[in-house]
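Here it is, the structure in full.
When the chains are written out, they are named A, B, C and D in that same order, and each has its own residue count from 1.
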Amino acid sequence: QDAKTITVTYKDDIATLDPAIGYDWQNFSMIKSIFDGLMDYEPGTATLRPGLAESYEISPDGKVFTFKLRDGVKFHNGRAMTAEDVKYSFERTVNPATQSPGAGFLGSIEGFDAMQGGTATELSGVKVLDPKTVEVTLSRPDATFLSVMALNFSFIVPKEEVEKSGADFGRNPVGTGAFKLTEWTLGQRLVLEKNADYYREGAPKLDGITFEIGQEPVVSLLRVQNGEVDVPGDGIPPAKFREVMGNPAEAAQVVEGVQLHTGYITMNTKAAPFDDLKVRQAVNMAINKERIVQIINGRATPANQPLPPTMPGYVQNFEGYKYDVDAAKKLLAEAGHENGFETELFVANVDPQPRIAQAIQQDLAAIGIKASIQSLAQANVIAAGGSAEGAPMIWSGGMAWIADFPDPSNFYGPILGCAGAADGGWNWAKYCNEALDGQAAAADAMVDPAKAAERASAWGEVYKQVMADAPWVPVFNEKRYTMRSARMGGDDALYVDPVNTPMNYRYVETK
Amino acid sequence: MTMMPAMDREVGTLAPAPEPVLSVRDLTISVGQGAQRRALVEALSFDLAPGETLCIAGESGSGKSLTSLAVMGLLPKPGPVVSGGSIRLAGEELMTLPERGMRRVRGDRIAMIFQEPMTSLNPVLTVGRQITEAIEAHRDVSAREARQLALEALEAVRIPEAERRMGQHPHELSGGMRQRVMIAMALALEPDVLIADEPTTALDVTIQAQVLGLLKEIQATRGTSLILITHDMGVVAEMADRVIVMRGGRAVEDGAVAPIFAAPREDYTKALLAAVPRMGDGRGRAASAPTRPVAEIRDLAVRFPLKGGFFGRPVAEVHAVAGISFEVPAGATLSLVGESGCGKSTTAKAIAGLVPYEGRLSVAGRSGEGLSVPERKALRRDVQMIFQDPFASLDPRYRAGDLVAEPMAIHGIGSAREREERVAALFERVGLQADAMRRYPHQFSGGQRQRICIARALALRPKLIIADESVSALDVSVQKRVLELLRELQDEFGIAYLFISHDMAVVENISDRVAVMYLGQIVETGTAAQVFGDPRHPYTRRLIDAVPVPDPARRRAGFSRLTGEIPSAVRPLGDPPTRLTLQDVGDGHLVASS
Amino acid sequence: MSVLVGPEASAVPPSAPVGGEGVLRRLLGRRLAVFGLAIIALVVLSAVFAPLVAPFDPNEQFFDGLSLEGSPLPPSATYWLGTDLLGRDLLSRLLYGARNSLVIGIVANGAALVIGTLVGVVAGYYRGLVGTVLMRFTDLMMAFPALLLAICLAAVLRPSLWIVALVIALVNWVQVARVVYSETRSLATREFIQAEVTLGASSSRILFHHVLPHLTSTVIVYGTLGISTTVLLEATLSFLGVGVQPPDASWGNIIFENQTYFQAAPWLVFFPGAAILALALAFNLVGDALRDALDPTEEGRG
Amino acid sequence: MAIYLARRLFQAVLILLGVSLVTFALLYLLPADPARQIAGRTATAAQVAGIRTQLGLDQPFLVQYARYLGNLLQGDLGRSYLQRSAVADLISARLPASLLLMLAAILCELALGLSMGMLAAVRRGRASDHALMVTSFVTVSAPQFVVGLLLLYVFAVRLGWFPIGGYGTFSHLVLPALTLGILGAGWYARMMRSSMVDVLRQDYVRTARAKGLRRWTILARHALPNAILPVIAMIGIDIGLFMSGIVVVESVFGWPGIGQLAWQAIQRVDLPIIMGVTLVSAVAIVLGNLLADLVTPLIDPRIKLQ
């Protein structure tokens, strides 16, 4: 094996490398290494830094962002990137014909609705001032906008290549990124090669990455142990976790870190019996989170609020609902369910989710709630949760919210806000608190970077009130355990990079 | 036509046999275990000298086939086992020989021709392959040489179009042809000992004569010893040096052929000889006044496509039946005779509705075409068929009793109890023990199975019974009784028979009318007296001449061997054979103008 | 001439009766068959009386059923066959799971067998239009992915064990039909079937009395092998949300949910696997013996 | 023969039409909303509606089906909702691997299964017969995932004889083919033993023995062709059965076949892929059965095509 190329495995197919479309966690960070956005993160952290933009200015009202582009940035096809490309790329994502699942992230740009609605072919809010300057005007102040600029959906693509490949651009990606795609054998492997012209000094550190697709995680691990694979992209399978951790040599290769993740149970607040706050609170008290964490071999920490601890806005000494079966029973009785009731718990059918669901089921049974488990393919659970009648309870594991970008707002909008509660939305609890929506909007309007702390606490307030209404039972925050072969080097933080899973391809290196 | 030079061996004298090739001592074959054990063959002993012909004659079910299977080491498993005795081949004990050793003996030194040719040939292999492989197994020859030898063997048994037959499968051959294939297979290797179990039963007399001649010829040139199992006393008289008469698993009489025929000691042997039907002594029955025909066949023709070429397209056709018309008078017997492969079985099957045909036929007043389901069922009740190969036509999973009761059950006749009684009566009449009702087909001898089939056909008392070689597998004693039974039933219930047989003596005895078939057409037909008394067509005459006479003293000097092209019913597509026209030479005696 | 008059002389006494009532006798006469029957009886009884024989509640997640790190426990004095990933008693789950698995392995599989045999026999015997239509329908069913059918049914109907049974029956008969069809075609050319035709037997009589008995060995093979495969198929379907849903157990889904753990906790795969194997083998023993007992040419074989 | 073939091919087309219609209808009934899947979490109802119109999902069922068929005739299987690639590309990239694996697996199970079955039939009732039959049941009852991993562990990891998964060379093929084949081998063995036992009792086997043929010649030439008829029918069926086995085996061995594609599509309810894979496998199955029907009369000349 070449000293500076590594092999990474994944079980699932890489769907597409089109930044406007790719929305799987596997391709998300691949796209990040082939394309760039105006903004970027410090490696291994959640700290924003300029990317293709050399610098930016924000108007005092927080509505106009002016980006100065870097000099000498070239696409993989050799052409220099210009401000026109930025405008084209944003409009491409918003254009309904692109069918981008992330178009909504750009919703605060002026002219978004017109373009989505088909009445405009351009985004009125995006102006090319000169080949090196872009001005973006928002229709409302949006504190998350810079994070959005670091999100794949706003990455810059060259128009001529997109037009050349048409719908298959996702298979022939051409960007400005640290790596370029040299080979993609469908269903088998992808090979990325170092982009020698990459605009950032010292990156990438690897000469190439080979992704092998379609590998069962258990087998990937065998191959890691055999020295054939450097990083098992799907991590350490639950079945092997104890074995790996029990072997000192292998345990040394494991990197542990936190994830911007919360596993929670939703309860349908619009239908009996969960339309009763007491019932929801009772459920919150009934769940033995410690036990659940034990079942997944301690690979998580119990949670008591929607935000994970490392997210700004996390309320440090929030009490939440304590595990208390008797209190839960009492509450249930007060709600008129002395004898409990029957309900359903939906869960995705990938290990360990059904097991967790069964643990939840047993906890519910202890207070008299008989929940029958519907263990279904992920897509079906999502469909059930989004349907008009909704699902009484859903365990979010396997489909849970991993933040698109590290910002507290990211845990609210679609999954707890009123917009998401509509038919087909992702707010499975169908929780809609107009007042809270207003508070959330106000917090997001605090664009000034200086007010970051204030904004965080404003969000903290929002989530505290969410917990008072108890539409969810936050169960745990999953920890990330990945493995790397002995020849892999670089800071551990790069392997648990909060925005790059399973690792930050651009900065990891071989020893 | 040429004649073979007369055999120089004197009839009835025994060739000096100091060292027997095969020696069987106290052979006991039994079946069952413990208290249930019973012997099927008991303490049988005989010697076979080189070049000698030993005939084993005797009652059906007396253990003849089992004995020969035991010699080959091929008794079925599970089933009867050799429980005692010894079998030596040229001094070597076969009983203790390991399987590998036996393998080298089989086929090469002892070959066997089995009784039932249909089931004894592999249905999925071509005839040619089945013969060549026997040669290849024992001779170090190339594939081409093996093929050549096989072809010669087939020609030796006078199969028409041997070359083409090599590529055919057993089901495409007539019963007699299959039998000849079996014989060719056994003869191809010229073994030291040939065991032939009823080898000529399915053959018409002309072929029979040729095959017997062939056996003799091989015996003369190779010194092969022959064990011939047959119930045909004519064949015995013709062929045997020595005879063993078996009954109930024991040899009842044993000795040179002439003395036994001349002065049988045992009652059974005497009875056996007395029962032999002889040519010329049955005058048929007086031609009764022509009755309404029970079956009318008009221009019946059956063709089989012969596949070949790339996509298995038909390249030629077998005109198995090439346009025949005849009538079976009610309550009378019409016999169909003719050489093997001339289309007798096919005619029978067409009448029974088993093969597609052209032409018209009507049975018992019903036309055979365009029938509704109940009409067809009614028709089938009136017409019963006894197949040429009894084993193949009996469902192996049913008890004999149930098989015979089957037609009654189908047509809803009688209660279960009544049926059982009737079956018992039928069994008695065809000469089977009552306990046979509870046994399965594979537990019977060939002749016994034949009788089961006969009993089954009789069960319904149909208007017409088509009997395809139905008494040929029976020993003469049983044959006689069965023929009597058939006649009684005919008198009693007016059953008509379409009787297919090559046994001219039997045919002469039981027929009212006779039709002689040749290459799918009728060449002569008339009353038995007319055809046998005054055969007009040369082919008819040849058939009659070929009949062996059950008297060793009148052994023929030799057998005629045909030369020249063997006639064949295979013709190119779209080239049907020309129809023969029949001329009345008086009193309904029709003869084809040649 | 006296010798020729009576029925055939015989040197042997009439043989004892052999069949009919003999089938059962012959079946019971085989040690292996009895052994097989015993296993089947054991499985069925323990399924029926699971509440009485099971040491624990099959769904109770015992606190001491998991190690501190959350690993399942190997077989021990308390948990005879060990515990599963949730700390439940495996033995109790196997006993209760037998109920579901028997429904699948015997009822669903049996139904598939019956349908498949009927279709195959009918199509193979009545060539012509009926046969063609039936066989093409079979081809259609075969070409149609079972999983898809299952998923769609699950989405449209309420998932339950009986839906799985239905799906399995709907899917599995096809294979049986195919094989039976080809054997019937070959059987139909046999002379004894033709003989039956000339006797005037109705087609149904020929099919049921003469063709079917000759198919027993094939059908038995399919029936017995089908037990394992359907029980495992049920697990796949449950996984997709069609059948037995957690926490209810079936042998198949115990294997399925634990198969990745087969190195870490081999008992979780071994015991349910052994249970399936034992059931299938037991049926095989009985099936084999039954087939032999039904086959007269087998008489005398030990 | 040519007529027969033409008729069967015509029927095959009808069957495929039927399969496509039924599949299409079932998928239509599924509650999953493709437009919503495509639109993602942040989409508004209007966006979703827009996508629905673009995809023509708001049309009546028959119109949608007719359009699908129309495209199908031009070789267009549509585009995956989630991968956005042409389904035809996705399938054709993976089909060769699956076909290769199936072929190897069929050979494997035939070789293993037939010889096991024959051996058992010959040694009927003896210890080796029982051992073989228990083995065949073990292979049928064993979960393929576990079998695959065990083989991988022993032969690839421990012994290093084969690579740990992957695709490309013959040695990559061995273990997956074996895993897939082992299960079928159990079936074939069982099937073969039973029909062999029947055949070995036939008179023509006795005739073959009487010719002094070798045991194996008798088995291979006389018994096998007669015994193999039900087995041939099974080969046609196998292709259908493989479709489920292949999912597991392909993922264990990282074999880039359509099984994995199908499984992922089912999990994600990616309808165009499900539809495409269904059709492709239906073609394979229909052809497999046709082949079985064509081969049967070659082996048993008594059976005629009609």
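Please note the rule applied: contacts are C-beta pairs under 8 Å (C-beta built on N, C-alpha and C of every residue); 3 or more make two chains touch, one makes a residue touch a chain.
In this text, all values refer to a predicted model and were calculated from it rather than measured experimentally.
Across A-C and B-C, the chain pair carrying more C-beta contacts is B-C. Mean C-alpha position of chain B lies 50 Å from that of chain D. If you average the Cα atoms of chain C and of chain D, the two centres end up 22 Å apart.
The multi-chain contact residues of chain C, meaning those touching 2 or more other chains, are 151, 155, 189, 240, 260, 263, 297, 301. Looking at chain B, one finds that residues 76, 171 touch two or more other chains. Residues of chain A in contact with at least two other chains: 218, 377, 380. Contacts between chains, counted with the stated touch criterion, involve the pairs A-C, A-D, B-C, B-D, C-D.
Per the touch definition, chain D reaches chain C in the complex via residues 11-12, 14-16, 18-19, 22-23, 26-27, 29-31, 125, 133-134, 137-138, 140-143, 145-146, 149, 153, 186-187, 190-191, 194-195, 197-198, 201, 229-230, 232-234, 236-237, 240-241, 243-244, 266, 274, 277-278, 281-283, 285-286, 289, 292, 296, 300, 302-303, 306. Touching chain D in their complex are the following residues of chain C: 127, 132, 136, 139-140, 142-149, 151-152, 155-156, 174-175, 178-179, 181-183, 185-186, 189, 217-218, 220-221, 224-225, 228-229, 232-233, 236, 240, 255-256, 259-260, 262-263, 269, 273, 276-277, 280-281, 284, 291, 297, 301-302. By the touch criterion stated above, chain B contacts chain C in their complex at residues 31-33, 36, 38-40, 42, 59-61, 76, 78-79, 118, 171, 247-250, 267-268, 271, 274-275, 352-354, 373, 376-381, 383-385, 387, 389, 392-397, 399, 406-407, 410-411, 428, 431-435, 438-440, 442-443, 456, 460, 477-478, 480-481.
Against chain C, in their complex, chain A makes its touches with residues 218, 237-240, 242-243, 291, 294-298, 349, 351-352, 354-355, 357-359, 361-362, 372-377, 380.
Within the complex formed with chain D, the residues of chain A that make contact are 9, 11-13, 15-16, 18, 21, 23, 96-97, 99-105, 107, 116-118, 167-168, 170-171, 185-188, 212-216, 218-219, 222-223, 225-226, 228, 377-380, 383-384, 386-387, 413-415, 419-420, 422-424, 426.
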